[in-house]
Structures are given as C-alpha cells and as structure tokens.
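Dropping the structures in below, format is structure tokens.
Note that subunit A is present in both complexes that follow, paired respectively with subunit B and with subunit C.
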Partner chain A sequence: MRTLALALALILPLHAHAQNHGPILTSTVETHVLPGFAVLSQATEALTQAAQTDCSPGSARLQAAYHTAFDSWISVSHLRFGPTEVQDRAFSLAFWPDTKGFTPKALSGLIASEDASVETPAEFAETSVAGRGFFALEQMLFDPKFTDQGAAPYRCALIQAIATDIDNNAHAIDADWAIYAITLTRPGESGPYRSEDEAMQELYRALTTGLEFTGDTRLGRPMGTFDRPRPNRAEARRSDRSLRHVELSLIALRDLAAHLSADYPGIAADLDAAFAKAIASAQSLDDPALAGVATPQGRFRVEALQQSINDIRAIASAELGPTLGINAGFNSLDGD
Partner chain B sequence: MTRLFAATSVLALGIASAAIAADSPSKADVLSTYSNIAEANYDDSLIAAKSLQAAVNALITDPSDATLNAARAAWIAARVPYQQTEVYRFGNAIVDDWEGKVNAWPLDEGLIDYVDSSYSGPTDENEFAALNVIANPSFELSGETIDAAEITPELLGETLHEADGIEANVATGYHAIEFLLWGQDLNGHGTGAGNRPWSDYAQGDACTGGNCDRRAQYLSAATDLLVSDLEWMAAQWAEGGAARVALTADEAAGVSAILTGMGSLSYGETAGERMRLGLMLNDPEEEHSCFADNTHNDHYYNGVGVQNVYLGTYTRIDGTPVDGASLSDLVIASDPSLDAEMKVKLANTMQALGVMKSTAEAGFAYDQMLERGNEGGELLIMGGVNGFIDQTKTIERIVTTLQLDQIDFEGSDSLDNPDAVFQ
Partner chain C sequence: MTNRRHFLAGLAAASLAPVRGWASVGAPDYLAAALFPDGSYRLAGLDINGEILFTLPLPARGHAAAAHPYRAQAVAFARRPGTFAVVIDCTTGRETARLEAPKNRHFYGHGVFSANGNKLFTTENNFEAGEGVIGIWDSQSYTRLGEFPSGGVGPHDMRLMPDGQTLVVANGGIETHPDTGRSKLNLPVMRSRLSYLNLSGRVLEQVELPRAMHKNSIRHLCVRRDGLVGFAMQWQGETSQHPPLLGLHRQGDAPHLLSAPVADHSTLQGYAGSIAFAGDGQTVAITCPRGNALHRFTVDDGQLSGVFPLEDVCGLGPGTGGFVYTTGTGLVGRLRNGKAKTFAQPRCQWDNHLIPIRGPA
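Moving on to the complex of A and B:
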C-alpha cells in the first residue's frame, strides 16, 4: 500500500502542493473580470438607447452601437461561469453555433405571429434564446431576409425588444458579479469553490475553454474539411465580424493568461509570445468574414492561425496547468 | 523549498493511506469491474437489439397495428441497456469513434422518408435534409449518382450516413429506426408522440405513404446494421478485446478514463447538449427521442450508467448482478468523505431524474415540459440538469484527489498518448 502512495506521489506535478493563489484571484477579478462586465453593460445601455431612438436596420448609430456592444461581449465571453450561467444569460446574449438554423426559425415565428411578448421584457425573456441576443439582432439588422419580412412596426418592436433584453442580461450579470467576486476570491466550504485551487481551476478552465472555442469552433467550423469548406458557418459573418471575434477573444485571453501566470515569469513569457504571434497572424489576415476558407490559399492562412492557437493551448496544458497544480476539469464543449 | 514540500506530502500521503489501506482495491481490479460491466451492458444491448430485429421482421412479414406496437415496445426496451452504456463513450476512444453509427442525434429525418409540409426542406446547413431516400431509388450526392435501387446496410452505413459530411444526415442507428417506427411527432407541445400508421408497411394497395416495400427494406437494413454494430462493440469488451486492452495499458489513464466518461456525459453532453439546450429553445423536437417521446428514459438511464460505473455494480436485463472492486472503493481509500459526497450527489441526480421520468410516465411528456413559460416542466428538467452539473464538480474533486492529473477528454489524448499526460 505504501508503494501505491509513493507511486501516486511521484506523479504529482512539481508544484502540486498548496500554493497561495489569493493575490492572483483578486487581481484577475478586479482588473480582468469586473471591468469587462462593466464595459459590457455600458455598451448595451447605449445599444438599447440607440434602438429606441432609431430602430431602422440601416441606422448608422444603431449599427455602431451593435458593433461596440458585441465587441464588449466577445471580450468577456470566455468567462462562462457563475453569473453568466444564471437563467441562461450567456446563451440569451449569444446563441451560436446555430447548427440547425434555430435563430432564423425563431425570428420568423415571432414575426409571422406578431408575438406580443416583444411588448413586455419579462415575457420576451421567456422566449427561445435563439430569437434573442446579438446573433438574432445581427440577422434583423444585416440579413436581407429579415429587412422586409412581416410588418415594419413589428420588426421595429422586435429589434427594440432584443436590444432591451441584451441590456437586461448584461446588467444582471454585472450586478451579480459584485457578490460573486467575493465567492471567487474568498473560497470556502459553503460556496461553489472550496479552496483557492478550485477557484483557480475555474479561471484556468475559462482560459483553456476559450482557446478551444476560438480555435476549434470560431475557426474550425467555417474551415470544415479541405474538400468541403463551410464559409457560411463563420460566426457573425453577416456583419463581417468573424475574424474580429477571433482577434478580440485572443486579446482577452492573453490578459487572462498573463494574470494566471504572474508567479512564473518564464511561463508568462512563453504564453505572451505565443499570443503575440497568434494575434499578429489574425491581424494580418484581412478576411473579415473568413470567406477565404473556400480557397486553398485562404484556407492555408486560416489553418496557420488555428495552429498558432493550438500552440498556445499546448503551453497552457503542458506548462501552466501542471505548474499551478490544477487541471482543466470538464467543460461544456465536452460531448459532441 | 518545493522539494521539501513534496517530500512532506509524500510522507503525509503515506501515513494517511496506510491507516485505511486494508480495503483499498488495486486499480487493475477496478478496471476489471468497469470492463466487465461494459461487456455485460453491451451484450444486453445486443440481446435487446436482436429482440427488436425479431419484432421488426414480424412487422414486415405481417404488418398490423399489433406488430407495429410490438416493434415499438421492443425499441423502447432496447434503449434501457443502451443508454446505460453511454458512460463508456467519452473515456474510451474506441467507443466514441463508433457510437455515431448507433446513436447519432439530432437528425434531419427528411433524408430518410416523407415528412410533413411544415418541415423546412433543404437548409443552409444541409442540402440533403429532405432527400427522402425511400422515395428515390437514385439521386445525386456530392456530384455522384448514387444507385439506391436496393436499400442495404452498406448503402446506409457507408454512403448515406453523415452524407456530405453533415452530422444531421443520420441514416443509421436507434433514432433512424425510431423515426421509421413512429414517424414525425406533429403534436408540437401537445399530447402524443409520432403516429405513423402500420399501413406504411402494408404491401400492395393498402400501402400508405408510398414505397412501402422500400420503407420495409430500409427498416430491415437499419435494424440488421444496429445488431451487427452492437455485436462488434460487445466483442471489444470481452476478455482480450481491444477496448479492454486499451483501457488497461496504463492503469492511471484507465481510471482517468472512467472519470472522464462520467464527467463528460454528465455535464457537456446530457446536462448541456441534450437537456438545457432544448429547454432554452423551447423546441418540442429538440429532445433526444423526439419521435417516440422516450426522452425521459434516455436521460434517466444515462444517469443510471454514471452511477453504475462509480459504484461498480450493474444489473443485467435478466436480473443477473455484475459487480466488483469499484472506483468508489478507490476513493474511500483516499478520502471517505469525498466518496460519501459523490454517492449523495449521484443519488440526488437519480432522484431528480426519477421525478422527471415518473411525471412523464404519468402523461406529462418531455416535449410538453419544453414549452415556453411552462414552469413545472422547466423545474423538472432543470432538476436533472442541476444534478448532473453538481455531480460533475465532485467528479473533478475526485480527479484531483486521486492525482489523475490533466484529465482531458474529448480528444482522448489520455488514451492515445499517455506519455503526454504524465510527462
């Protein structure tokens, strides 16, 4: 038996003894998480005001507010735990990938029946997540299929209802984080995190899952296979935001990685260099909707970007996780 | 400094383990029980699929209300053992690579047979969503002309399944058979499942829905394929089978695979993809068995499967028990209170799933629970979701406690390349 215990001990990562993660937890929450959600709720407030002022899909102010608010969401969209998961808020803000065309189906259904839920935020919040959030708004503003479907006054009310719902969810997340921040930075038996290790595991999982989603889903879905690329599966392609989401998510994840690796300058430098390379690769792509995946040349460049993200993932799982003494655990992308 | 700490923790571990070492099983024994359960569970799935095959043959030979209902009952019974095997899927690459043949979901059923006019037809995602192979003995697929004059297991498995690289083109497995036995459920959030008439299999003038001969051919081919696929998987878990050998090649990775299967099935797959998503979309067809309205059982038996592999016990469909050294025993040896926590959480999940199941059996079907604004339905489903999510947290704690570092599921790197995990 003693032999087994020794064998177990031998495969412990070098730093697997208890580490003091307190300062990192605090700095990550105070300078990465909380400001991100505060910026989001300010941007969604501007979005709902813009929609109230002018709900026409072509409105420059509305489109600008949509882009700014969507940017702010993408910059925090890797923080999928706690307040974002209450009442399906994150799914309500961004239902994607939409593998079975639920969003157009939900929007057409609302428009065809002139569903009265658009008049009451609480009732609208009960409707399908596919007809709410940034991706529903994108189709209402940028997809010609919806610019003349049904009656104009109803379309206007729907756009305003979506904007208000986005704003309500963003504010609810921001408000809940005030309390949740304490849960995460001062873990204990009664909360969701029993120890600093468990709280760190949540943040580390946000990093690894965020990288996985950007590499495998944001890039992987439109890439499809060499013989069968799927440019129509690119995220938010109707408003030319696909590549932007890759870049914004990498910038946000780079900041998170810097926080998590702060005690280990060597690993921090490795991660930062790998992020710099991936971000530069994204910035040089000049292919906003990732439509280039349909050509061999374009695909080659997107593949290189994806590889650079895989390189970051390798550093995180081989160096950062074991050094911090934590593993990534399970994430929502497990499964098929 | 670091080394000093490491040395201290070795000592601490040694003392802690020595105190309660007597009952701790070897990893090899735990893996053996896990493999024995898999073998029995896939064998049961095979036995039940053969009963289904016999019932399908009776339906085709002598179509009637009675033979159709008997085939449906055999399908429902066949799901009981199969859903319990799903816990083997995510930890074992050999299962994950194979399972799409037998349990792929969701499907664009218009690929297979006639559908209602409300069905959306070809979509942006899938241009073959309304192909209807039963009505079309020849068609174009990715630039090639396909001869489907005879519907064979090979045509379904090698050409039609996942045609054009689209996962929703499900041509084989339980859910394709389910569609052929029940047909589309056109009741929305209302009462009732799919209502395909038996005469869809009547030959000659009594035939409804057209092409009854080809429909029978399809059903027969799909059922034969299910049986042969399950035969193959049951063999992989027998003594010397590839799945068993792969699992035991590295014992720590093997134990990690058990936990990976438990966590991935609980969280990402069942709680997320199968339960919460349907609820968020309020879509009556976004349920695992949408034609038969058997979804409550699908989730329930997934939960049973997770519990089986933790406790190291399984009850075969003929009542024979299979048990032995368990993961639970292994956890007790390291941290008895963590084992107690796991058992309570598994029991809580089963309790919640049990309420959902019994309510569905009392007449409140799963697709009715999914309806927008239906608070009772939402509570029933979220009870199961929350149970699965909560038990996943404890599964993670067990991974940490057993020092099975770097659990990785999905790609099953831990199995393909154990060195990468324990470097």
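Moving on to the complex of A and C:
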C-alpha cells in the first residue's frame, strides 16, 4: 500500500489541477469545521452562564464548564483562518505562549485599578488580548496568586467579563463561519479562494501548522533542552490540561487528515496509523501537566511522543501535500 | 608633512597590498547560496551575466552572506536558527574561520562588514530574553568583540548606511526560541521596527508602521547611495488582508508604503522575499516567491512600473540599468528596459538572497 501511495505521489502532481476537490471540501466543512464551532459556542454559553451563577474560583460547576469549553476550543484551534482570525479572535480566546508574562501583568493591572471595562463587554473586548480568553480565566480560577489579589467583588466581575468575552468571540466565529463556509466550498474569483486548489491548500496548511504547533510548541516549550527542561512552560499546566491539549488536538487533526486524504486510501491509511500511534502514546503518558519533562525518564517519553508527531508531519509533507498538488517551494518558508 | 604623506601611503599599502582582492577570483559581482544537483549546499560567486565563477561547499543550507569590502572573503550564514557562520577564503575555497554564536544566542542569517572591513556585525537572537542583539566580531581573528541590543525583537537583515557610521536593522518583531523550532511565539503582540543605530549601538531612530499593520514583519533591506532605505515585509495577520509589502524610508521622515493594484498585489500571499534598488537607483523591486512574481516600482512617484511572473523568484540584486534575479528553479535572469530575460540556468536551486559585492569605496 505504501509503495502504491508513493507511486501515486510521484505521478499525481502533474494532474493536480484536474482533481475535483469539491466533495472533500464540502465534507470537511460540513462534518469537521462547522460542527466544531457549533459545539464551541454552546460550551462557551454554558461557561458564561456558570460564571454568572457562581463566580467563585472553587465552584465545581464553573470549573467543569471551563474544562468543557476549553476542550471545545482546542478541538478547533487548528482552524486558524477566515472568521477565526478576524479581529484577533483566536488570540483573544487563547493567548499562549506568553513568553513575557503579559497575562498576569494584564490581570494584575485590571485588578489594581479596578478597571471599569469589565462592566461593558464592548469595552472589555478592547483591552489587551493577554488579559482575556481561556488562559486569563485559568489564572483567575487556578493560580493562587489571584485568589486574594484585590477585592473579591472585582475579581468576580473580572471572571464574568472574561467568560462573556470568550462566549462573544466563540459566537462571532460560529456565526461568520456559516457564510465563510460557502466561500471555502465554492471558490471563485471574487472570494478569498479563487480555486478548489487554493481552498484545499488552506485546509492542508491548517493540518500541517496544527501538527507543528502541537509538536514544536505544546511539547517543545516544556521540554526545553535536556540540560534545561522547562516544566513551568507547559500549556495550561495550572489546570492540569497540558497533555490533554496534545491529545485533543491530535484527535481533531486525525479527523481533518482523514477528510483531506479521502481520495487516496493508501495515504489515508498511513496517516491514520501514524495518528493512532501518537494518540496512544499521549494516552499512555499519565502526566497531565507534562511535569515529567524535568526527569530524564519522563523527558524520553515526551520526546517519543514528539517524534511520533514528527512522523505524521513527514507523511503529510512527503505524501499528502504533493498528491494534492501542494508544493512548498524552495524559497517561501516563513520568515526567511 | 612628508611624514604624514608617507604614513598615509604606508597605510594604504598595508591595507591593500597583502590581501588578494576579489579580482583574484574572477571579480564576481554577486554571492548566492544554492542547493546543487549532487545534494550539496554551496556558495557561488556569479558575475553580472549569471556566469558561475566559483562554488564552495557549505556545511548546511545557507541563507545569506556578507562579502568583505576588500578581501576575497565571504561569511556565509546558516539558515536560522543557525549557531554558526563560515568564513570562506574565496581564492582557495577553504574555510578560514568559523563563527560560533555565544551561549544563549543564535544567528538570524544576515550580517554586514564595517566600511573599512575591520569588523563584522551579525543579527542575533538573545532567545531567553526574547530580544534582538547585534554581535560584533573582529574580522582578522573572527573573535567576538561584544554586542549591543538591536532595538527590537527578531532582527533579520541589516545594512550599513552610506555614511559608514550607521546600521539600519530590520527588527522583524517575531519572537522565536530554539526549543520550539521556527514557531512564532508572539504574533498577537509583535511590533516590527526599522531601527537606525550607530556603530556603538546607540539608537538613532525607530520607525514603526501604523498600529493596524503591527503584524507586518519588516525583514529585508536595501540602501540607495543617497541613503534612501527600501524594506520588504512579510504579513503575519489575516490572510484575507493584503497590506503593502514594500516600504521606502529616509531618516527623519515617515515611511512610504508601495503596492500594486489589488488584483496583482493580492496574489503575493503576504510574502516578499528580497528587495533591491536597480543599478541606476530609479526603480525598486521586491521578489515574491509565493506569488511567483517580481514587482517593480518607480522610486520618485511610487507607481508600479512592472509585474513580472517568475516561478519561485527570490534572490535579487542591482544590475546594469536594472536588476539581476535568481529563482528556486535555477534561473539567473536580468530585468532591464521592462523585460525579464533569463540568461543562465545552472542545475541548482538558488537560495533566498543574491548578495552584491561592494568594491572598495
């Protein structure tokens, strides 16, 4: 099967323009993209309701709603284009990594001055992205540093404002996707995608950049170097979600990869097997905050997980990309 | 009086006589790195007709190079985040020295010599702080003399201004860390700047684009003889937006942004790879390898003066009355009188940049 896939990969680029991507575009949008954002906006609505009912950081209902909504975001967070990127919505939902500690600074600043923007969603939406979204909420709920900073009523109002802002962004993305879906499934000269090839490229890029982010950033950041591991840099470690984000993103990316490779069973099988291996590796890790990177044994296991993600990336770029007629080009790597 | 004249004559002899100049290697006009068919990465010397005069092996994929103003010597930088740069004697093809980035620094792939050739400046990342620095190296021993802040985050290209006393730095604004490969860590808060520094590192001027364009990363530079600076950008914001990718700036003034009409401009995918002024300085051009095009503008009125479709075009330098370009498909071509003409196609893939070799001032 692998030989056939490679043979196809070598032959097909010549005919790439003749491919009909219509059915794949439609199925990806209808069963991968749109349901994901619908689930997110339902979950964020539950989150904002929970925060209105009980804003205390220890509230079981609020914490559960936070976890569910964050799960839903991670499951669509690879779809970084179109409505997700408008007005920095994705960054407003998830400001991470935070290399210079902007989130605690923004939160402390709001609390210290009792900034009145928390009373008006439109005004709060104009404040720094670092003080908004899931990572700001995580610190307010789980970081002891914020449990007694400033006055309790203000902290409550801030938690509610962050939850409402998350919900507004999620709803805006969901609503806009209903329209954007048409431009992606029916490309044309007047839209952002002039051809089905361009629309496929966007989805393929979502797959490869999603894999890159999970492997290089979600895992690479806490791994640091062997001599200097950085467990405190793990994503959402305060609420023990670091490993969960890796697993959820791999599950979502596996689904996207299955859609994109649907016409090429050999490649689809290769990708699926590689995803299965990586997901199993993540599930067997039992290290929710990736704190194990600080020990040599723990680090080796995380390194193995990272390698299994690199294996998926290799299949995507060697088999899937060329088959879809997507050529990276020699000179167009970002930032060079 | 006599003493002084003798002294000056002696100085000139000392600085010129013992060094073999670029003439000894066939007087190349440009340097460029490339991937050759045998799989080797090499640095090549090209003449103005695209003829390859020499090629020298590199240890890894190259990016840009700095040509010494007098000696036939080039410093080839690894692609970022490389931690070494190789000093090559172009007369013998041998590596004569190797620059190792100090602990907690890596190179960004560009550098420039001082006007007298005594020092080399390199753009580097102080990655634990997430701040850019300029490394200073002695060009005899290639030992490190020191460093100073670059004036921003993620410095990439850097040029020496015609006064020989000022560096202009493209602080791209994007924070990266070797632990996370090429991942961009700070896009929502990035700020790109064009920074002018004196040779001791004092910031003379900082130029930023309007707030709505803070995700437009200034990455590559060219400088005209009169001090006009051209800068090429890479857009990190929404893909549905198409802000200009070329700017012109004169110290003390506001920057001027140029772009083609939307039908042509929107095909560039927010990415310009190189920038150069034409040999006569009348026009300026950017190469756009993602959009497979070269866009040329008239400097005086900022009007588009030509769109040239060229697959994977990236390397660009001044040519007689126009430009010389290279492509990832191997072409070396000339743009003159409104026509792009290929005049060589060696079997290699040219890397991003074509570095003009300055003659003695």
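Just so we're on the same page, the second predicted complex is superposed on the first by the 311 of 336 C-alpha atoms of A that agree within 3 Å, B and C clash if a C-alpha of one lies under 4 Å from a C-alpha of the other, contacts with A are read in each partner's own complex, and residues count from 1 in each chain.
One rule holds in what follows: a residue touches a chain if its C-beta (ideal position, glycine included) is under 8 Å from a C-beta of that chain, and two chains touch if they have at least 3 such contacts.
Just so we're clear, the structure is a prediction, and the values are computed from it rather than from any experiment.
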item	value
Greater subunit A contact set [subunit C / subunit B]	B
Touching partner for A:Thr127 - first (subunit B), second (subunit C), both, neither	first
Subunit B versus subunit C as contact partner of A:Asp197, first or second or both or neither	first
Partner chain(s) touched by A:Gly220 [first = subunit B, second = subunit C, both, neither]	second
Subunit B versus subunit C as contact partner of A:Gly101, first or second or both or neither	first
Subunit B versus subunit C as contact partner of A:Asn232, first or second or both or neither	first
Subunit B versus subunit C as contact partner of A:Ser317, first or second or both or neither	first
Overlap of subunit C and subunit B interfaces on subunit A (superposed complexes)	88, 91, 95, 99-100, 102, 129-130, 192, 224-225, 329-336
Complex contacts: residues of subunit A adjacent to subunit B	1-2, 4-6, 8-9, 11-17, 88, 91-92, 95, 99-102, 105-106, 126-130, 192, 194, 197-198, 201, 224-225, 228, 232-233, 317-318, 321-322, 326-336
Residue numbers on subunit C that touch subunit A, as the complex places them	35, 63, 79-80, 109, 130, 156, 172, 174-177, 179-189, 217, 219, 234, 237-240, 271, 273, 289-290, 312, 314, 327-329, 349-352
Contacting residues of subunit B [partner subunit A, same complex]	2, 5-6, 8-10, 13-14, 16-18, 21, 24, 90, 106, 120, 123-125, 164-165, 167-168, 252, 263-269, 272-273, 276, 280-283, 372-373, 392-393, 395-397, 399-400, 402-403, 405-410, 420, 422-423
Subunit C contact footprint on subunit A (complex, rising order)	81-82, 85-86, 88, 91, 95, 97, 99-100, 102, 129-130, 192, 202, 212-213, 216-217, 220-221, 223-225, 230, 329-336
